[in-house]
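This report refers to the structure that appears directly beneath it.
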Amino acid sequence: MSKDMQTGTPAASEKVAGFSKQARQQREIRLRRRSTLIATVSTISVFLAIYILVPMAPGWEKVQHSFFNWEIFEKTFPTLLNAFLLDIAIFAWSAPLIAIWGLALALARDARSPALFPLRLFATVYNDIFRGVPVILTIYLIGFGIPGLGLPRPWNSPYIWGSVALVLSYSAYVAEVYRAGIESIHESQRAAAKSLGLSHWDTMRFIILPQAVRRVLPANMNNLISLQKDVALLSFIGPVELLRQAGVFKSFYANFTPYLGAALIFLAVTIPATRFADSLMARQDKERR
Amino acid sequence: MTYKLQLIDVTKSFGTLEVCKGISFDVKKGELVCMIGSSGSGKSTLLRCINLLEAVDGGRILLDGHDITDPDLDPQPIRRRIGIVFQSFNLFPHMNVMENVMLAPRRVHRTPKAELLAETTALFERFGLADRMTHYPDQLSGGQQQRVAIIRALAMKPEIMLFDEVTSALDPELVGEVLDVLRKLKSEGMTIILATHEMGFAREAADKICFLDQGIIVESGPPEQLFTNPKQARTREFLSRVM
Amino acid sequence: LAAENCAVGKTVTDGVLTIGTGNPAYFPWVIDDNPESGQGFEAAVAYALADRMGFDADQVVWTRTTFDQAIQPGVKDYDINMQQYSITEERRQTIDFSSPYYTSAAAVLVRKPAVEAGAQPNIASLKGLKWGAAAGTTANELINSLIDPEPQTLLYDDNADITEALKSNQIDAVLLDLPSALFTAAVLLDDGVVLGQFPSDATGELDQFGAVLEKGNPLLECVDTALAEMGADGTLASIEARWLQSETGVPVIE
Amino acid sequence: MSKDMQTGTPAASEKVAGFSKQARQQREIRLRRRSTLIATVSTISVFLAIYILVPMAPGWEKVQHSFFNWEIFEKTFPTLLNAFLLDIAIFAWSAPLIAIWGLALALARDARSPALFPLRLFATVYNDIFRGVPVILTIYLIGFGIPGLGLPRPWNSPYIWGSVALVLSYSAYVAEVYRAGIESIHESQRAAAKSLGLSHWDTMRFIILPQAVRRVLPANMNNLISLQKDVALLSFIGPVELLRQAGVFKSFYANFTPYLGAALIFLAVTIPATRFADSLMARQDKERR
Amino acid sequence: MTYKLQLIDVTKSFGTLEVCKGISFDVKKGELVCMIGSSGSGKSTLLRCINLLEAVDGGRILLDGHDITDPDLDPQPIRRRIGIVFQSFNLFPHMNVMENVMLAPRRVHRTPKAELLAETTALFERFGLADRMTHYPDQLSGGQQQRVAIIRALAMKPEIMLFDEVTSALDPELVGEVLDVLRKLKSEGMTIILATHEMGFAREAADKICFLDQGIIVESGPPEQLFTNPKQARTREFLSRVM
């Protein structure tokens, strides 16, 4: 039937043959090549311009000496890398605690029985406070303050109390993310669970949480990336992690190149992590459509 | 006592919006009652009230003669006796359909696993989905999903089933398979209340039609009478628009 | 450690004197950030002090703290901490100070361009400069009380930051203890000039350095006794002469 | 008809009268009262317990002296408030710049012509770098580095370059938020605009951006709140704002009460702002349903 | 030359998925052609190809005899000659409906404001929406929204109108008003291509029906023939499922 129609169509166009698949593909390849060429040329010229113009600034040599000093970079980088292990360690023990405590806070904010009102109030006030105060201030207050209360030796360590400060701060953010996830689960899912006779807690445990936690994974990945960077703030109360080590080198050599090294180390971790979070997010968006 | 379910002057408001303005009707055991009416007339709200997902403001709902709107009653055991299937978002997307069906009996009835598995498999077979038991909801067509939702409700062994426009979100081709399941349930003696826009099905399968408009039952009766000879002007007008 | 020694049972670790210093520790107080060598003024004082208190050199252990860390309340993980802490009444509410081991003049450090622009060692001229100081130190107080400059003073965490701010011309002048000022001018800056120093009667008690101890630490008496001896027999003066540049030649500010 | 049915129903239940609306309401009021009572009692007892038990802790007096020292609070708070004006000023001039520059970056990442490839590449790399490096490091590197190039006096101010660092960092975050907003606009809206013959830029300007910007308002509010807190990091390159002023007082009095004062000031700004952002978000979620 | 639009062996793939496998048909001026077929058969994709929202992989599309698939052509002037209305998400939610309609003529045709206002008002009046011109889309019912979307496309004075299941997302009661608009357009001589599930309307109003299945036109012809006497088994099967 369709064959019939096709031959029945009068060849009215000037281009009787149309554009064959091959012709079309070749044209496309040509177009793409041209684009690539334009892109390459314009990119190279922009970078060349930067490369040539910046060093012409009057203070460039000084800046180069202070910020892009290869000699100092070489000398300090291995130690910096080593100091980064401490960042990783702090991150490694803080992150699970944040996940757990954040979830507990989210559930507390969702508590419905009137007898649990203090719990709900507590969680609300808690989240307000710890999201409202800069992390660095929380670290100062808790990291310096609590040990100042006269705790005996191993228990007054800034590692402990700095991590506690991080956990307290970040769990507030994570709790809000969980809560958003819990609230984003369509009302009908709760209704369906309820109509089957499932209890409030069973509904939470089997229906809402598994979906909510998965849905907010990208948002929590972003929180993790922020955490990885904010671990550096612990340096202000003593622990010699990456940022502090860079600061020590900076003080010692009176040169900022170690900070550049620190920035590179951070980038090496955060860029792949961010990419991963973005791809998670993109995949999720796609699925939802 | 032959009535399975009776609604007596049920009222329900959301804030200042009166959605049900005194609704009364009754359903005998094994009957299929269709509620029709335009969007926003209160059909879904009424079904949610019967399932106790919403608390009524006034009036009574009697299940086997017992008032189930008593606020002191624990709603959970009552809900188990009444199955409901919604228009969409029915299934739990993170579980395969077998887990969807088995969750509630396992947690609520504490049915032993082996017994439950046998029962569930039997149900899936009965509704022609035995080969899909380990699929996830989004691997199924809309019609299959709705059939699983029905199976899930049946697994709790309810005495009444409520259906809220279960075919509205489906492609026209998939409507038939779900309606077939409803026919089968009716033939097996299930008591059914159904809100629907499928006038053809309502006419063919229902024992009684209730036409709702703006929160009241304007007219009700057997389908032949209501469709061929509606008494109220509002009913006539509505039918002319949708048929 | 001899049983009759006053430090017995009073140190963090028995038989060892733990001394805190900065991270890094700065020249000329500690040379090459290596206090164990005993090189540098504070390192030398520390070993002399330890010796007086009955500790051998190998019984001295160093630990690092930030400036802020040392003056926070609470249990310390050092016995004494020496990083140019000025003794103040307010700080005494929370921590204990030994008697002073050094009295430093407060010096004004600038760069050549500022001198060429007409900066002079008198209050009137200093008032117009843009000042910087280290935040945790008493320098900010001194600037406010002695100079009261017109532009707002900028505060930094440490000497390196101050130096960088000077280099990039964000500030004209900083107030430092004289040895640090001399060192910074000579080593860290190409064109640093120590413009002048304040007479010690102007700065009051704010320029006396004492070792920090935990509040109520019984070791304090021990340390004070030892320091008093070192002052009396000229030990402190000879260490100072060895490690700290002569202060003559820096004009006094009227 | 319905009247008929109602009277025709046999009065089979034991409770013939049912629950009248009044009875139901009264029961509800009673229930609510009971809940309130339970909530009040449990809240009060929890707080009472805290109020009585905490001061019995061994170190309480020290804590009170170091953290809750009314005398020091009184002495320092006015100066702290004054220092906060600087935070507000920096925020006030940075925020609009961030909004504009962030939008420009988002549009650059969305650029489609091959000649604009360097722009797209630039925006991508830019966002990676500035989201990957801790803000504090960016502030150090730019706040000290650029003035070091030898800029003349008013142009090398740490206020300027600190703010620039903030703007550079935050615009990367804001750009990502805008981009998510742009991508969240349903494909059909673009298709509808295209099918009407609107140009790429007209589609962006009249169709996509107005919707996207509105949709990401809550997310950007959250960025603003973070910014308000991170303004404090400028203190590390000189400006004596709230956090630095509190630190100075802390060093001077060797007491943490000034930090508590600073925390209170931050909370006074961030809690209402967070509440506002949350309510925006909630309203939006509601609308979308 | 009597054909307004001709498709000759059009093919289109998404990755490895061949959605159109060589589709040919033609539309005369003033004709109304209905495309029917199950979900995923490629109806929407075909309409998007005609509107140049998707580039075809092979074959040709002739508008008034000129090939519009030439990749060197600027697609914008061609798109203006072809109006399209989608199933949903049609209107721009942040503008009132008058602004929705006036945006494109103002930006593309640069029509002077006064003239445009008069034209737009006339259009709204013609389709019975004159009293809704300052409403926002979400203040209108689904049916009214679709009518505005049609008005918006008409304001560009297109030569052909494409409709992609414009009634599928509507409540059954609102379907009628949109179909009335289509009837009116046809009676005024507009050339129309329509993908639809409304078999009743297709039968009544179409000049030609094309039945698509898995990317090919299985059968096409006048509605009486196709509905009463389908030649292909696949057509019969499809019709039995949806009617």
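Per-chain residue numbering starts at 1, and chain names A, B, C, D and E are given in the order in which the chains are listed.
Definition applied: contacts are C-beta pairs under 8 Å (C-beta built on N, C-alpha and C of every residue); 3 or more make two chains touch, one makes a residue touch a chain.
Predicted model, so just to flag it, every value in this text is computed and none were measured.
**Q** Hop across touching chains from chain C and tell me the fewest hops that reach chain E.
**A** 2
**Q** Specify the chain most distant from chain E by Cα centroid.
**A** C
**Q** Can you give the whole-Å distance between the Cα centres of chain C and chain D?
**A** Spacing between the chain centres: roughly 42 Å.
**Q** Just curious, how far off is chain E from chain D if you go by their C-alpha centres, in Å?
**A** Centre-to-centre distance between chain D and chain E: 45 Å.
**Q** Chain A to chain D: how many Å between their CA centres?
**A** 16
**Q** Report the inter-chain centroid distance for chain B and chain C in whole angstrom, where each centroid is the mean of the CA atoms.
**A** Computed value for the inter-centroid distance: 83 Å.
**Q** Could you pull out the residues of chain D that touch at least 2 other chains?
**A** 62, 66, 144, 148, 151, 247, 250, 256
**Q** Pull out every residue in chain E that's touching 2 or more other chains.
**A** In chain E, nothing touches at least two other chains.
**Q** For chain C, what residues touch not just one other chain but two or more?
**A** Touching at least two other chains: 68, 72-73, 157, 164, 167.
**Q** Where on chain C does chain A make contact in their complex?
**A** 23-24, 26, 33, 64-66, 68-69, 72-75, 77, 157-160, 163-164, 167, 188
**Q** For the complex, give me every residue of chain A touching chain C.
**A** It is residues 62, 66, 144, 147-153, 156, 158, 236-238, 240, 244, 247-248, 250-252, 254, 256 of chain A that touch chain C.
**Q** Going by the contact rule set out above, which residues of chain E touch chain B in the complex?
**A** 38-39, 171-173, 176, 197, 238, 241-242
**Q** Within the complex, which stretch of chain A touches chain B?
**A** 186, 188-189, 191-199, 202, 206-207, 210-211, 214
**Q** Which positions of chain B touch chain A when the two form their complex?
**A** Listed in rising order, the residues of chain B that touch chain A are 48, 51, 53, 76-77, 79-80, 82-84, 86, 88-94, 103-104, 107-108, 149, 152-153, 156.
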